[in-house]
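Note that the chains are named A, B and C in the order they appear, and that numbering of residues resets to 1 at the start of each chain.
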Amino acid sequence: MLDIRDLQVEVSGERILKGVNLTVNAGEIHAVMGPNGSGKSTLTHVIAGKPGYDVVQGEVVFEGIDLLELSPDQRAREGIFLAFQYPVELPGVRNRQLLKSALDAVRLHRGQEELSAREFDKLFKTKVKEIGMDAELMKRSVNEGFSGGEKKRSEILQLSMLDPKLALLDETDSGLDIDALKSISESINRRVSSDRSTLLVTHYQRILNYVQPDCVHVLVDGIIVESGGRELASELEASGYKSFKDKDIQE
Amino acid sequence: MTNPKVISRTSSDKELNSDYKYGFVTDIETDLAPKGVNEDIVRLISAKKNEPEFLLEWRLKAYRHWLKQAGKDPDWAKIKFPAIDYQDIHYYASPVQAPQLESLDEVDPELIEAFNKLGIPIEEQKKMSGVAVDAIFDSSSVATTYQESLEKAGVIFCSMSEAVQRYPDLVRKYLGSVVPYSDNYYATLNSAVFSDGSFVYVPPGVRCPMELMTYFRINAEESGQFERTLIIADKGSSVSYLEGCTAPMRKSHQLHAAVVELVALDDAEIKYSTLQNWYPGDKNGEGGVYNFVTKRGKALGNNSKISWTQVETGSAITWKYPSVILQGDNSVGEFYSVALVNNHQQADTGTKMIHIGRNTKSTIVAKGISAGKGSNTYRGLVQIMPSAQNATNFTQCDSLLIGDKCGAHTVPYIDVRNQTARMEHEASTSKVSDDQLFYSMQRGISEEESHYMIVNGFCRGIFQELPFEFAMEAQQLLRVNLEGAVG
Amino acid sequence: MVVNLRGLNMSGNSVAHDQYRLDFKELDGRLVPDSPSWLSENRQIAFSEFENLGFRTTKRANERWKYTNIAPLARTGFRYRFEPNEDVVTIRSIRELLPWHEDWTRLVFVDGMYSDLLSNPDNNSSDVYVGQLREAMVDRSDVIENSLGSLVSYSKDGFLAANMAFLSDGAFVHVSNGVSPRKVIHLIFVSTGDEDPMVSYPRTLVLAGSGSDMTLVESYVGLLNNSYFTNAVTEVLVEDGSKVEHYRYMKESQDAFHVGTSRVQLGRDSTFSSSSFSQGSSIARNDLGVTFNSPGSSCSLSGLYQASDSEHVDSSIDIDHASPNCSSDQYFKGILDGNSRGVFSGKVLVRPEAQKTIARQADKNLLLSEGARINTKPSLEIFADDVVCSHGATAGALADELMFYMMSRGIDEKTARSLIVYGFASEIIDKFNLAPIRDRIECLLLDGSDFQ
């Protein structure tokens, strides 16, 4: 589904990603783990097309399409969803309005009809309930006055509404209490199917107690230094990133 | 069922994409006074309207005062335009029709058609949903709908000309009581030559049963529109009043110098909403309406309230400061504004809140959006007089810039002469942030659409102050007028 | 005071008073033999500009003076003092009046004239020059010819024109590239006044060489309670990468008029901070303009203004962002009592090329009496889109709850009041990094309470 080849990325002249290779097949959950500053967020941003990153080499192919050629909204319509680490506030823009516009755009692109207001509201209500969002909160402007945890839940609600092929979750687990973590994990697990994939970027292995990845990658200083099964996460838990950093240097 | 529209929501996308969709000219017979202004023209206008002596005298006083002001157009606003040749304007243009209309059937069908095109049906059988409309074509009121049911409630809603004939005492008592003829250059001119406008009187204790609306349209070429509106809410009454404006596309500039006066007596409330979409001129700044308007309300009675809401998207130049004199104790003044400029448009708009009574309270929320080569200025005065014990004011002015060729300016004047006052002013200027844009686009929404959504969100607080139907129109106006500015 | 209306022309615009003409002629005759020709020429031109401009008192198109009525100033024929009044001024008498530190480098001007006796200049090294402008015109004439008047245009402003026309001496501060003078530089302008209204024209030129770092204090004080007029002009050229910490202390006599104009130009990556204290008088006007001409610089301006009785205090701040990536911050507070009037007008202009500008502006006012009045006008003029600009203004009285709280703790009303006022001002006072200035302001604010 997603093929990243020798991806090298700079921000203001500084090399952040130094040749990342990564393949995510349909139906898989991949976890990318790494210390702060290793380039994890950059990876998700580049896949989603955030401006400000210079791709100096490599390619990002999604279902045969060269993603790097597309604008962020085109990528989103192709089925890429980024749950932001720090979701921004959109003053005055209602959650419903954002989601309706987004869903209409995505559906139109897929050749589906726009949902009627009624159908949309029904779906919205169901999802709000499923995620355990406070319905009152959803009447507010997007992320405005939301707590950290509420913002994360709201991202997951959007994920669930838009139902993308590939979900990029950027530190969605950070700063959550255990109940919220469980609930968000359930939502991630619920989307597992043969045609949906998830790329989970995290600093901690805690979420991997609830979400079982097919593959774990360790990203250190802009390079994936090790890939393996879920046991890699436990190994990290025990020894930390330090051993990988050392390994990296030795190589 | 149809509703009055400043822009029709049923318009196709293609129509929306056109520059200005109200640019048609209606071919009807017009009674046009010769160009220029002098005492004879003032007398002619007064005679055409069969006005009582006191009004003619008042007009002449205004005209003579205006002559003394010659060359003293207000020069303090941040707007630029070539000097106006006041002798090159028709001061009276009115559709020719039977002098006294017995029913709407007598209205020139071309006129009805013109308003239909604008989405303003003035035929009552079309049954608009509870909005009474006074349609003003060039300088004359052509039809006022729902008169009968309003009369049942005791509400007077008619053209100013009619009010002068039927309720001369009310007119005499209140006309010029808020905006005296000597107030400012444009208001003085208006006092001399105003031709028509709307008149509203809501008797004591009556809540006006429906929204009142005036629809203005300039049609005749090289004519000025000088309408005069007067709204009086007697003790304990309330009324919500809407106005919408369009003009055809003309190469030359058209002058619109209106005066609106509001008077709220004890415990009365007036809510005045405007959607201003006069022709803004073309992309190169050619043509467009000069909208030089004086609007002021006097919250005369105790516990009275006057609220202005405006969405200003049209006009080549907007010069307008809807104000409130808070005279009664505990009176409340509000000003909510969205002003958008694009291409070569210029707006210098804001409000004045003059606190005189005790415990008076004012709120100002102004949102300015600048795009293209537009220049947008918020100019406001908050004045707290020594008598205004415990007055409070809160002001918030935010500006949004789209593109790097436009300007956004904030010029608040704050004059506090009473120590018990509490006033707070906040302002900010920024652009749509890249992070906000990316967030929205990541959800699959196109760049242009994301811009609209964010700009719309920026204005939401103001749109909420509008009656629902108007709020929908306002959003559309914003979209149409932002065309080409983003993406 | 004799009111003379001859200074008014038909349209009500005041033009230069006859007194100025007489004095200019006299002064010019005395100065010309020793002055460089460029200066004499400039003074001549400036005077004829001044004759045309006068001090404009009309309301129309006079936005910069909207809330300050200068008619009483404009119609008075202030006399120029040709002979020094030095004998009434002693170190002891001025120490009482202003922030003082024995170690500071000090230039003292009495009624605009340099006092050798009272000054403690620093003009012996090649690194730093703190001394008389008149002397420097001989030693360093090139530098001065190039920079004097480069930031003030006297063709539009009568005050600037008059200052230039009557320029005979002033303070000159020149810190060479990369030098950081250890000592604080203090420029003191004392007015003694007279029975007749007198005028003085303090003039200061400051050149901060690139990479230099200095601390500068300007003090303007009145010795006797006379009516006089101080028309001061200061120019500060801050070159690339340098840092200037500036303070301005103004406490003229209650009946005095003070119009002080300061213009600052910032070079690339430079830093300018300025904190001012302005005590009201008949008119006390502090007009400060900062221009960002090169990228990467920042300025932080703060001020405390105070007035009581029928005093008038006016702060006019103009920031011109003409270059990208600069930031400006303004924070002013006013304390107004009696029938006094405070005026604050702060303008931030962001030109089209000044992308990535950050500009903040705040003005907060405390009104302590029924008769006090504040006019505040914080304005933004923005032509660049990628900017973050904000401003705010507030006005209000002492909070009753606070007063009650203090009094319930046994503090008497007067003390409670001055403590709250002090608390309000402390945010600004803290910005004065020099203890002698802080102490002086604290003294003034807490005057009459038991907390000195």
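Just so it is clear, a residue touches a chain if its C-beta (ideal position, glycine included) is under 8 Å from a C-beta of that chain, and two chains touch if they have at least 3 such contacts.
Because the structure is a prediction, the values reported are computed rather than measured.
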{"item": "Centrality ranking, top chain (CA atoms only)", "value": "B"}
{"item": "Most contacted chain pair (by C-beta pair count)", "value": "B-C"}
{"item": "Chain A and chain B: spacing of chain centres that average the CA atoms, whole Å", "value": "49"}
{"item": "Centroid distance [mean C-alpha coordinates] between chain C and chain B, Å", "value": "45"}
{"item": "Centroid spacing, where centroids are CA-atom means, of chain A and chain C in whole angstrom", "value": "57"}
{"item": "Contact footprint of chain C on chain B as seen in their complex", "value": "75-76, 384, 386, 399, 401-431"}
{"item": "Parts of chain B lying in touch with chain A, wherever the complex brings them together", "value": "433-436, 438-447, 449-450, 453-454, 456-461"}
{"item": "Residues of chain C touching chain B in the complex", "value": "60-61, 63, 67, 352, 355, 365, 367-370, 372-397"}
{"item": "Residues of chain A defined as touching chain B within the complex", "value": "48-52, 71-73, 75-77, 81-82, 84, 87-94, 97-99, 101-102, 105-106, 109, 141, 158, 162"}
